[in-house]
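For reference, the structures are reproduced in the following blocks.
In what follows, chain A forms one complex with chain B and a second complex with chain C.
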Partner chain A sequence: MSLASTTSTKAQPSPLARLFARQEVALLVCLVLVLAFFSVTVDNFFSVRNLTNVLGQASLPLIAGIGCAIVFISGEVDISIGSLLATIALPLIIIMNDTNSLLLGIGGALLFGLIIGVVNGYLTAYAGINSLIVTLGTMFIMRGGVYLYTGQRAIPDDASLDSFIALSDGRLFNVLPYSAVIAIVLLAVFAYMMQHRPFGRQIYAVGGNQEVARLAGYDVRRVKFICFIISALLATVAGIILAARVGSAQHTAGLNFEFQVVAATVLGGVSLAGGIGSLTGMALGVLILQFLSNGLRGLGLPTEWQLVITGMIIIAAVALDEAKRRRANGG
Partner chain B sequence: MSVDFLHPSEGAAIDGNVPALELRGIDKRFPGVVALENVDFTLEAGKIHALMGENGAGKSTLIKIMAGVYGKEAGTIRMRGREVDIKSPRDSLKEGIKVVFQEIALISEFTVAENIFLEGYPTGKMGSIDWKKIRADSAALFNRIGFNVDPAARTGSLPVSQQQMVEIARALAHEARVVVMDEPTSSLTPNEVSLLFTVIRRLAALGIAVVYVSHKLDEVFEIADTVTVLRDGRHISTKPIGEHTNDTLIQDMIGRRIDNLFPRQRGAAGSKIALSVEGLSTAKKLHDVSFEARAGEVLGFFGLMGAGRTELAKAIVGYDPITSGTIAVDGIRLAPHDTRTGVKLGIGLLTEDRKSEGLMGELPVYQNASLASLGAFARLGFVDKAREHRAVQDYVDRFRIKTPSLFQQVKNLSGGNQQKVLIARWLMRGLKVIVVDEPTRGIDVGAKSEIFALIDRLAGEGLAVIMMTSEMPELLGLADRIAVMCEGRLTVIMSREEATQEKILNAAIG
Partner chain C sequence: MAIGPEWTEMSELTHASAPKRFIGGQLLGSSQLVLGVILAVLCIAISIAAPQFYSEANIIAILRQCALVLIVASGMTMLIITAEVDLSVGASLAFVGCIGMAVLNSTHSLALGMLAALAFAGGVGLFNGLVVTRLRVNSLIATIGTMMMLQGGVYLFTREAVQNHNQLASFTDLGAGYVGAVPVPVILAALIFVVAYVTLRFTTLGRYLYAVGANEKAVRLSGLRSERLKLFAFVVTGLCVGVAGMILSSLMNAGQPTAGRGFELTVIAAVILGGTSLLGGRGSLFGTLLGVLVLKVIDNGIIILGLNQDLQMVVPGVVIILATYLDIIRNRANVR
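Presenting the complex of A and B:
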C-alpha cells in the first residue's frame, strides 16, 4: 500500500518553469549575459564586423563539436579530432597542388577522414576497446605521422584556387563568413537528425542505456561505429576550412583543438555518460566560450587569464548541472 | 497473422492446432552451471500459459532465450511450425515475441511515449518521426488498458509501478504473436493487477499466446490456462491449471529432497545476543524488520526475488542508509551509513556480488585477504609484509584455499576459493557477526559443500552468521533458525525443527 501512496503523481511544474528548466534556455541566458556585458565594457564588441568575425572563428569548433557531441551522446568519446585536422590537410593540399582541383582535394581529405573514422569506430564498437584509449592512440599516431611526413615544415597551398581561398575569407552577402554558413547548415541538418530521425533517437537510446537499446532490437555496435564516422567526417570539414584559413598544411594545425571542442560540448550540457544533451546546447556552449574569449581579449586580458577563466567556468557549469540532476532524481 | 492490440482486426486469431511458439530440447550452460537441460515449452495461440519454478529453476533463462538475449546451445524454436533462428533481440521482436522484463528496460531520459515506440518509431513523410502519432497512440494505448500514466512525462521521473505499466504498454504497441510477462505485478497495486489481468485476457482473446511468469500462486490460479513448472533447469510438468492444487504446484516446484551436503559439526548455539535489529526500515524496500541473532547460530533468511534480502544485508552492516530502526552489535548501537564503526564493532558482509563489491581481481590473494586489517600489520605506518604474509598463509592453510601462491591474482581462483579469501578477510579482522549474502551463488556443486562446512565452522567458533539465501536446501541444511521475507517485511521466524519447505514457501509467497 505504501507503494500506492508514492505513485500519486507529483505536482507538475508549470510550462514556464519547464521551459526554464531546459538546459538550452539557461545557456541562452548565459550567452545573452556575456554579450551584454562585453557590449557595455568593450568598444566595438557589439558591431556586425566583430560578431560575424567571432562566428567565423566559432565555425571550426561548431562543426567538429557536432561530431564530438554525437559521439558523447552515444556514450563514447573522440579526442582524435585535433590531430585529424592536421592529417587531412595533407591529402587536401597535396592533391590540390597536383591537380588544381578543389573537389578532388576535398574528396581526398574526406576519404582520409572516413578511414580514420572507420578505424576509431571499429576499434571501439567491434573490438571493444575503450574509446578514450582508442582515440588517444590515434591522436598520437596521426600527429606523429604528420610530423614525420612534413619534417615539421608547412606545405603551402601553391594552387591558390579562388574557391578554396573563399572558404577562408569569403562572406555570404558580404556579411556572414562562408565557414559560419557551413556550420549553421550542418548544425541544422544534424540537429534535425538527432531529434526527428529514428537513427538520431537510436543514438540517444544507445548512450542512455545500451542494454535497453539492445533489447529494443538496436544494433548497438553499428550505431556507435557510425557515430565515429560522422565525427571524423565533420572534423574533416573543419580541417578543410582551417587549411584554407592558414593557406597550407601545418604540422601543428589543430593542436589542443580537441580539448577546446570537448570543453564547449561539456559546457553545452552534453554528458560524457551518454544519452544526455543536445546539439543546440553544444552550439551555445561553443558560442559562449568564443564570445567570452573575444571579449576578454577586448578588455586587454592576456590569453593566460582566458585559459584560467575558461577552466573555472567549465567546472562550475558541470558542477551546477550535476547538482541539478541529483536533485531532480531525488538523491 | 500477427495481432495488433491497438488496431485489432476481426477474426485474426487462431488457426487449428499449430503451436504459436514451440521450444524443443533447449539446452543452456553457463560456466559451471547447467541453466537449462532439454527443456520443452509449447505455447498455444490464444492461451495464457504460466511458467513457474523456484529462483534459479531456469525461468528467466528460458525467457531470455525466447527474447534473443541468450543464445541456446541446443534445441529448436518454431513459430507456427516454422523453424526460426533467434540470435538477437531484434530477431525475436521481428517474430512478434514481446517480452516485459522484470527489471525495468526503459530509457529514463526519454518520455513515456517515446519509450513505448522505442523498437520502431512510426515515421511520416521522408522518414521523419511522426511525434504526433506517437503521442496520440500511446495515449490511446493507456486508455485502452486503463492505466493512468502521462505519456509526456520523463520516464525516469516516474515511480517504479508506473514504469512497469509503461513496460507492459510497450509490449502491446506493436504487432505481437507472443507476449511474455516476467513477474509483471511485482510493484503494482491490486487494482492495477486486475486491470492487467483484463488486458491479458483480451490479448488471449485476440489470439496472442501469453506467457505469465510469477511465483504468486493465487495470480496463477486466477489467470492461467496451463502451467509449466521448471526445476533445476529441467522441465517437470505441463498441465491444465484445473489439474493443479496449491499443494501439487508447490510439490512440483520443490520436488527434490535435501541431500547430505551439510555435515553439521558445531554444537548448539549460545544464548548471548550478538546482533539485535529493531524496527528497521529503508526508503526503498524494508518495512519494520526486527530480529535477534545469537553468537554461534546460523540465522537463515529466505525470500523470493525482490523480497529484500540483499537490502537487509546491506542495511544491517551499515552500507545503506535506513529511515528508522536500530541496529546493535553486542549491545552497542551502530549508526547507519557507518561501515567504519561497523568494522570496529565486528560486523562484516560477504557480498552476493563478489566481482564488483568484494574482490579486487587484479590484486594478489594476500592483499585481498589482508585488506580490512592492514592496521594490525602496520609498524610506524608501514605494513610489515612478513607478518601480513604469515597471517594470510595461516588462513590459506586452515581454509584449504587452493592457490598456487599468495601472489596469485585472485581473479584466477575458482569461485569457491574466492569466497574463502573473502571470509578470511573478515575473520582476520576479528568478527562477531558475519552477514553472508547468497554464499554459493556462481559456485559449483562440489565447492558448495566446502563453503557450507566453512559457514558451519564460523558459527562453531562463536560468530553469529546471518545467511541470506534463495536456495531452500542451503537454508534447511545450515540454519538453526529460519526467517522468511516477503516484499520487504519479515513474515515469520521459525526454528529449523518446525520448518518445512511448504511452510517456508507459503510464508515467502505471502
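Presenting the complex of A and C:
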C-alpha cells in the first residue's frame, strides 16, 4: 500500500477514504482477502504453480472480458461471445488440418471473427437494432450453425502443430502460461487505449451520454461499430486458445461463457448503463471469481457450490456498488 | 442529464397513455399484422410442402409445444413491459420440476406438490424482484446471478432426475391429459393467457404496468409505488414458471435438473418477436401469442419437412433480428 502513503502526503481531505472509494482499490482489497483466506485454508494454494495455473485459466475470460467491457462502456451489450468461441474454432482447426500452418489457421479464425463483429456492429450501430436482440440472435445463429456443420461431433486437430499445442501448455520462462502472457499484453494495450488515446475517450463519451457525444462531433455509430469488432476479435483470440487447450473444435465450446464474462465484468464495476468502469476493474473482477472458484475447489466444495456462491457474490457486489453510488449522489 | 433520452421517454409515455391512438395503431400497420402475415405464409408454405402439417395430431402437437412457452411468456411480457427482464426462468423451471416431484413423491398429493412448486417459483420471482427494486441491481445482472444460484442449487438438491414414484393419474393428466380433443396444458396456457391479457389490457393495474415501463419517474411522481408494480411483475413471472415447471415434469414423468437449458432465451425471443420493446412501456400479449406460434410453427415445420433439427436454433435467430429490423423500419416510416 505504498500508494496510500504517497497520496496522504498531499494533505487533502481524507485521502485514504477517497482512495478506498475508488472501485479498483476496493476490488484489489477483495482480491487480496480472497488470496489470503485460501492461502491459509488450502494447502498449496499460494504456490507459484497454482497461482500461474489460475492465471492461465483466467486468460480466456480476461481476453474476452476486454471486449465485453469496451462494448459495455460504449453503452451496448454483446452476449454472442460464447457461441463465437465455438464458431471460430471451425475455420481454425479445418484450415490447420488442411494446410499444416498455424498462421493461416489463425488468419482464417480472425477473418471469421471480423465478419461476425462487422455483422453485430452493423446491425446495432447502423441498422439501430437493440444490441441485446442482435447478439441474442447471432448467438442462436452461430451455435446452430456449428451444430449443423459438425453434426454435433468434435472436429479433432489432426495437424498437432507444436506451436499450436504450445498455446495451451507452453510457459514463458517455464513459469507463466503463454495464454496469460497474451492476456496481460492485450490488457495493457487496451487499457492504455481506453485511458490515454482519443478513441478510448470517445468510447467513454459515447457510452456516458450519446447525445452530448454526437453534439461534440463524435461519430457515435462508428465508435459503436468498432467496439463490436474489437469485442469479436478478442473473443476470437480467446476461442483460439480454448481450441488449443481442448485440441479440437467442440460444438459445445463456450456454452454459458458469455454469462461468466458478463458477470465478471459487472463485478469489476463496469456499468451496463455505459460510460462507467475500467479494464483494470474488469480484470480484477475476473481474477476474484477465478481465484474464488479455484480456492473453493481446493476446499473440496463441489462445483455446484461455486456456481451458487458466484451468483450470490455478483448480486451482492452490484448491490453494494449501487448503494455506494446512490450515497455519493446524495440519495 | 441528456435532453434526448428524457424527450423520448416522454413521447413513449404519451404513446402508452393514449388508449385511442394505441388501439387504432394496433389494428393497422402494427407488428402484429406483420407477424400474422408471416405466420399465415409459414403455415401455407409448410402445408403445401407437407400436407400432414394440417392433420389434427400435428396441430395438437404444435399447440402443446406452445403451451409451456406461452405460459412463461405471458408473465415475461408483463415484466418486459415494465422495462425489466428475467433470465433465471430456465434454471428455475428445472428446479421447480424437481421440487414439485419430490414433494409429490413424499406427500402423495398433487395439490401440495403444485403448492410447493408455486411457492418456490413465486419465491424466486420475489427474490429477483426485491433485488432489482430494493437493491437497485440491474435486472439482467440480478437474474444472471439467480440463474447461477439455481443452476448450482438444483444439482445440490438432486444429482439425478427425481423419478415419479406415485404415478398419480391427476398429475399425469397435467401434462398428457385431454379435455375433449384439447390437451390440458393448452387449456392451462389459454387460461393464464386470458387472465394476463385482460389484466394488461382492461385494468388500471395493466395501464400502470405500461406507465412504469415507459417512464418510471413520472409514475413515481404521480404517487404510484413503481417498485411494487415491478415486484408484482416479477412474482407473476415466477408463478408462471411454477405452473410450467409442473407441466414439464408431468410430461417427462420426472423432475429433470438439466431441463430448461436455453428456455429463457426462447421465451424472451418470443416476447421480443411479438413486438414488446426491451426498453419497456410498449408491447402486447397478443403479439407474444403470435411470437410463440411463429417460433413453434417453424420448429414443427423443420421436423415435418425432415430438415436438420439443428436449424431449430438458426432460424429463430434470423427471425428475431429480421422482425425487430422490420419494426424499426416501419417506425421510421411512421415518424415521417
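Throughout what follows, the second predicted complex is superposed on the first by the 317 of 331 C-alpha atoms of A that agree within 3 Å, B and C clash if a C-alpha of one lies under 4 Å from a C-alpha of the other, contacts with A are read in each partner's own complex, and residues count from 1 in each chain.
The rule is short, and it goes like this: contacts are C-beta pairs under 8 Å (C-beta built on N, C-alpha and C of every residue); 3 or more make two chains touch, one makes a residue touch a chain.
Nothing here was measured: the structure is a model prediction, and the numbers come from that model.
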item	value
Chain B versus chain C as contact partner of A:I276, first or second or both or neither	first
Which of chain B and chain C A:M96 touches, first, second, both or neither	neither
Partner chain(s) touched by A:I226 [first = chain B, second = chain C, both, neither]	neither
Chain B versus chain C as contact partner of A:E211, first or second or both or neither	both
First (chain B), second (chain C), both or neither touched by A:H196	first
Chain A: partner with more touched residues, chain B or chain C	C
Chain B and chain C contact sites that coincide on chain A, given as residue numbers	209, 211-212
In the complex with chain C, residue positions of chain A that touch it	77, 123, 127-130, 132-134, 136-141, 143-145, 147-148, 152, 209-212, 259, 262-263, 266, 272-273, 302-312, 314-315, 318-319, 322-323, 326
In the complex, chain C residues that touch chain A	1-5, 131, 135-138, 140-142, 144-153, 155-156, 265, 268-269, 272, 278-279, 308, 310-318, 320-321, 324-325, 328
Parts of chain B lying in touch with chain A, wherever the complex brings them together	67, 69, 88-90, 93-94, 99, 101, 105-110, 114, 118-121, 123, 127-129, 131, 150, 156-157, 159-162, 187, 189, 287
Chain B contact footprint on chain A (complex, rising order)	1-4, 6-7, 9-10, 196-198, 201, 204-205, 208-209, 211-219, 275-276, 328-329
